[in-house]
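Shared chain: chain A. Partners: chain B in the first complex, chain C in the second.
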Partner chain A sequence: MYKKSMINQISVTSDIFLNLLYVILSAICIVPILLVLVISFTDEHEIIMNGYSFLPERFSTEAYKFVLSAGEGILNAYGVSIFTAVVGTVLSVSVITLYAYPLSRSNFKYKKLFSFLAFFTMIFGGGLVPWYMVYSQLFRIRNTIWILIFPYLMNAWFVMIMRTFIKTSVPESLIESAKIDGASEFRTFFSIVLPLLKPGIATIGLLSCLGYWNDWYLPLVFLTERKLYNIQYLMYQTLSNIQFLTSGSANFSELGMVLADLPGESARMAVAVVSIGPIIFAYGFFQKYFIKGLTIGAIKG
Partner chain B sequence: MKTKMTMVARILVSVLCLALLLTGCGKTVTPSASDSATPKASDSATPQESSENKPLENVKITFYCVGDSQDMTHIEEAVNEYLKDTLNITLEYECFGWGDTYTPKINPMLAAGEPIDIVFTSNWAANYRVNAVNGYFRELNDFLAKYPAIESVTGKDFLNATQINGKNYALPCNKEQAHNWGFLLKKDLVQEFGIDLKSIKSLEDLEPYFDKVLAEKPGITPLLAVQMDSPWHLLDWNTFSDDDVPGALYNDNRDTKVINQFLAPESIAQYKQMRDYFKKKYIHPDAATQDNFSAEMSTGKYFAFVAPMKPGKAVEMSAQTGIEWEEVFITPIVMSNREADGAMLAIPIGSKNPERAFQFIELLYTDAKLKNLMNYGVENRDYKFIGENRIEIIPNSGYASSGGWRFGDNFKDYLMAGEAENKAELWREYNKAGLPLINLGFVFDATNVANEVAACKDVVQTYYKQLFTGSVDPDPVVKEMEAAFKTAGADLVIAEMQKQFDEWLITNKK
Partner chain C sequence: MKHSFKSQLPFFLMLLPGVFVLAVNNYIPMFGVIMAFQKYRFNENFFKSLFTSEFVGLTNFGFFFKSPNAYIVTRNTILYNLVFIALDIIIPVMLAIGLNELRGKVMKKFYQSTLFLPYFLSWIVVSYLAYSFFSFESGFINRGLLRPLGLESINWYFEPKYWPAILIFFHLWKYVGYNIVVYLAAIVGIDPEYYEAATLDGATKWQGIRHITIPLLKPLMVILGLLAVGRIFNADFGLFYNVPKNMGTLYSVTDVIDTYVFRALRNLNNVGMSSAAGLYQAVLGCITVFTANLIVRRIDSDKALF
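Coming up: the complex of A and B.
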């Protein structure tokens, strides 16, 4: 017993070194977020005069008042973001799992064709305008909530991950035995295979949830209806407006008027804080499966 | 053996697929643009004739513009009500932010031929020349001939400056038609030092005051230089492309030889002067990393700033920054593509009612009430009159104007507090004083040297901030930059500009 634990023991110096390394790495990740949080609570005038600081002289909740009063738009965008993240994740995980499962079965006749179809999209795309036209003129879902969900439903890369995961974690003999016991294909999938896939589904779910939550590109290209803007796009728009208007690249008259109305530094940070809010909980929710998912594939292979 | 055969077959199949795909792309993309262009253009001719005498039936006009994205339903309603008995339209008016968010939204819509009636276009958002050449905008010469009001407002020259091969595809906003550069000086210091603004003719004239600021006003930096908004602008190179692409003429029309403005003797002399200033502490030690001139100006910690000029600039900047400024004109007033292509409205080819759209645009030039409604919002809700033709914005009304320079006749806008009574007059004089640059109307087509242009931009982005603010010793850095330009292919870019410009000069008989 004693000997066995010795094998995995590391020397004191490397222990300290490794711990220190991870303390530093975590600090690099956490400190900027902390700074954003502090700035969002800092008095606007102080930021202009003294710059950013971890210990501001004057605290202020003005920024959050601004966020709530500019209110409707932001709250509405919040709702859109949550809806797309939840519905999008559920739909996309279903599509990906249902696509990956047959591909993982060695007795599926058209395996190669369907693998190729998925794989092909990873390398070649149709280009922006044809892509746009498919959604706007063929499917006619531009300016609907579905445009924020459909384009990311199928992800070839996730299908590949899922397929490999099913292959390694669900033995073919298990499926055979289910068949011998008289289970139909659907029953085999839902009662036998699916429960074994929890870690894989959690991994794909987390990634696709993050993808939906962080997306600003679909609203950028497809939406002209302000009611459907999501929180990330509102943020992107605000930041890019500020960058454009303050960079001096626009030498136009009357820009001054616009500049005077721009939200301040602290308001921008407040929006950033608000927008990372719920997604942080998603990590906690998925984490236990996530770690399992990472290790499981490696050993059982 | 069998596996080898399948391998070969696989490779062959994939190559074939690729070939099919590539040819497929090449063929489908181009005609789809022009296909959708031609039939729709002829379709649009029909309502033109029918709309002569009968009362007009109500049509929907979609108008997409740059500007802050906000709820404008009440403006749409007011416009619809105002035009009910005349143009009878249902306006759908949306703004999609500025350059970075507007362009990626509009360009696919234009390419896909979506039924939009009016779009904002310019040289910096939803690129006018590119979209017009691609055939996404309707040619407007027939309408201009039928409805001459716009031409009488802007003047023929200004309208012609936006033509492509003799055809108008967009209507420029009637605003400043020229530009120049000068200083904004902090007003309280100007008064304290008793500076005679007329005596300031160049950067050197300010040096004694810079010393005075350093000696008497601790905490205040004499000269603010942020990125390109630095004394660099006083050279006012007549550039052929973006500000960070090499290739320019002198701004006094002395010759037609294209040079690399970043390596010109005048520029190098200025880098040295800036280095000198930097050492003398005229410039902030962190100048090379500052990026927001507006925020810096608001701190009140600077004495002088180089800014684009126009009548009333100081008033505007004072309102913006909360610090009082005085303006001094330095460079000569010139008329360049920058102004003509700066803000325009075009009618996309997908528009179902191009004539009604054009009539609506015309009203933005001729009907002051409509123009101000579109710009400032509804009276007593978004703004109120504080004098004849002078208004005050009502704060937090839910709508804030994004600027009257975006469309129509800018001189019809109501005046804001602090603006000169004779603003329009001053502007007309300013416009008249502008020297038309020799390359006015010429547009460089970068397709042949796209990679070189991108590489040159990288070079400029790497070096300009340090050089323009004097943060580094210019001698070794300029040598380094020169070498980097060589590898990037700056010579090719300039040769291509020269070639295209010479051809343009011949065809335009200048």
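Coming up: the complex of A and C.
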């Protein structure tokens, strides 16, 4: 056994070269994040003098003080992000699990129809304009908090993952015996099936939570109300304001107006760092459950 | 009589919230495709507007196709996607195989985690990272590399020629780790007996990779590739809109169908042309997905989307 595993390993020289390759690739992935982190701790004058650098001469925590105190908009946006991530995740996990469960049951007559209803959305859509019109001119939830939550509640891919998860982890016989004991469908679902779905729910929950946290598309399309900006969209706005200023298209009166509420360069990068923070913090979880979701998603039930 | 309505009722109730979301978010907007053939005028609400707006035939499509933009955005969308499809298979497969061969288990895990990290960042954050390198005044490349070397600073956001490379780089930066995880899962699933038998017959490591690993990964490569081909008319809006910061100077190489449709609606407020371009994309996309799926089903019916 020992000998066999020795044969199957690559030589020490190749191993060193391969390691070198992966160290370089890992650096490429980390270094840009590191640069933003360093800029966020760099003294503002230093940036004007020497530009962004990995090794600034003067460090400063001013940017973070600014984010915490003066940046009322920043804290508010952070709050919006947390609210949509929490409420959105809870609602979408509920909607998706409730939708996936009947699709996994052999005695549900219309599973083909409802599977199709979900999966067809992956193939054809009405496009951006009608989608925009439905929310702004029919349901009129533009510029409300619900526009940042509702459109992402259903997701055909998550339904597929959840359905496969239920099929593989909840034996049909268990459901049958509960029914023989006289439990209703709802009771069976909530007291027998649901407790077994914890890992599946965690997977879908984290996928969905990341989606809400990182979303900037819904605010971009639907929001004009500043107090509803989430952290991603606030970052988008500040970066495009900078571009607006530096492109020379702004006249001076506008310039003064925009400059007044524009955070310094280090502060902007500090907002970026703060927005990545929770993801890095829970990265172990995220990685574990994403891989789980990927592998479940790959097996089609 | 096995499926009485009463026995099915709880299932319908469970499906109800999901059906409601799908109806609002996906199915009602599908009626809106007729907007592409109308001069849309808002009248009380969306449905009433659809009924009262004047039909103009193919005028909206005419506007779109007569402008040079139709060609440019279609070309950009297809070419970038072709490059992405090829690189998203070749690079992750090579890196996953390499990762699997490493001797140190801890390092293997470490590399995988680091390479996977960019996948979790939003395109806005990625656009910040890009900006910190490419900004004209303060960017690291201009201030930290070019100037110390005595070279002229480059105005990155005004020079289209660099952007195909930059966009491809950031696409790979974000997605290579994700794809490595997908292929690594497949490699780990390969029965070790194949390799043991090959080693007993005197096969080298390279022969093992060439004649066992790659052939066994091929179905997955083909299927993921085909599914990506099916989405060839859909561009990654986040990448093409945020990383070049929606700079007009770069549109010749950064504008794709999705960004064009968005700007036609948002900046030009041209509802007709925007919905025509959107429908053009949706129909082409639908055809390619169906074709790709048909081929996938021929190869491996389990992996087909439908």
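Assume the second predicted complex is superposed on the first by the 204 of 301 C-alpha atoms of A that agree within 3 Å, B and C clash if a C-alpha of one lies under 4 Å from a C-alpha of the other, contacts with A are read in each partner's own complex, and residues count from 1 in each chain.
The working rule: contacts are C-beta pairs under 8 Å (C-beta built on N, C-alpha and C of every residue); 3 or more make two chains touch, one makes a residue touch a chain.
Just so it is clear, the model here is predicted, and its values are computed rather than measured.
Participant: In the superposed arrangement, which partner chain does A:226 touch: chain B (first), chain C (second), both, or neither?
Facilitator: first
Participant: Pick one for A:32: touches chain B only (first), chain C only (second), both, or neither.
Facilitator: In the superposed model, A:32 contacts chain C only, not chain B.
Participant: Regarding the shared-chain residue A:127, is it in contact with chain B (first), chain C (second), both, or neither?
Facilitator: both
Participant: Between chain B (first) and chain C (second), which does A:195 come into contact with in this model arrangement: first, second, both, or neither?
Facilitator: neither
Participant: Mind working out whether A:240 is in touch with chain B, chain C, both or neither, as first, second, both or neither?
Facilitator: both
Participant: Applying the document's definition of touch, where does A:102 land relative to chain B and chain C: first, second, both, or neither?
Facilitator: It touches chain C, and chain B stays clear.
Participant: Classify the contacts of A:275 with the two partner chains as first (chain B alone), second (chain C alone), both, or neither.
Facilitator: After superposing on A, A:275 lies in contact with chain C but is clear of chain B.
Participant: Under the stated touch criterion, name the partner, chain B or chain C, that contacts more residues in chain A.
Facilitator: With both complexes superposed on chain A, more residues of chain A are touched by C.
Participant: If we overlay the two complexes on their shared chain A, which of chain B and chain C does A:182 touch? Say first, second, both or neither.
Facilitator: Neither partner.
Participant: Is there a shared patch on chain A that both chain B and chain C touch, and which residues make it up?
Facilitator: 48, 124, 126-130, 132-133, 137, 221, 236, 240, 243, 246, 265
Participant: Under the touch definition given earlier, write down the residues of chain A that touch chain B in their complex.
Facilitator: It comes out as residues 48-49, 120, 124, 126-130, 132-133, 136-137, 220-221, 223-224, 226, 229, 236-237, 240-241, 243-261, 265.
Participant: Residues of chain B touching chain A in their complex?
Facilitator: 17-18, 21, 25, 28-29, 64, 68-69, 71, 94, 96-101, 104-105, 108-109, 111-112, 114, 124, 175-176, 179, 226-229, 243, 291-295, 298-299, 308, 310, 316-317, 319-320, 338, 342-343, 393, 400-405, 410, 416
Participant: Across the complex, what residues on chain C touch chain A?
Facilitator: Residue positions touching the partner: 2-3, 7-8, 10-11, 13-15, 17-19, 21-22, 24-26, 28-33, 35, 42, 45-47, 49, 95, 98-99, 101-104, 107, 110-111, 113-118, 120-125, 127-133, 135-140, 142-144, 157, 173, 177, 181-182, 185, 195-196, 199, 205, 237-238, 242, 245-247, 258, 261-262, 265-266, 271, 274-275, 278-279, 281-282, 285-286, 289-290, 302-303, 305-306.
Participant: Which of the residues in chain A come into contact with chain C in the complex?
Facilitator: Residues 4, 7-10, 12, 14-15, 18-19, 21-22, 25-26, 28-30, 32-33, 35-36, 39, 47-48, 50-54, 94-96, 98-99, 101-102, 105, 107-110, 114, 116-119, 121-134, 137-139, 150-151, 153-154, 159, 184-186, 189, 210, 213-217, 221, 232-233, 235-236, 239-240, 243, 246, 265, 268-269, 272, 275-276, 279, 283, 286-287, 290-291, 294-295, 298, 300.
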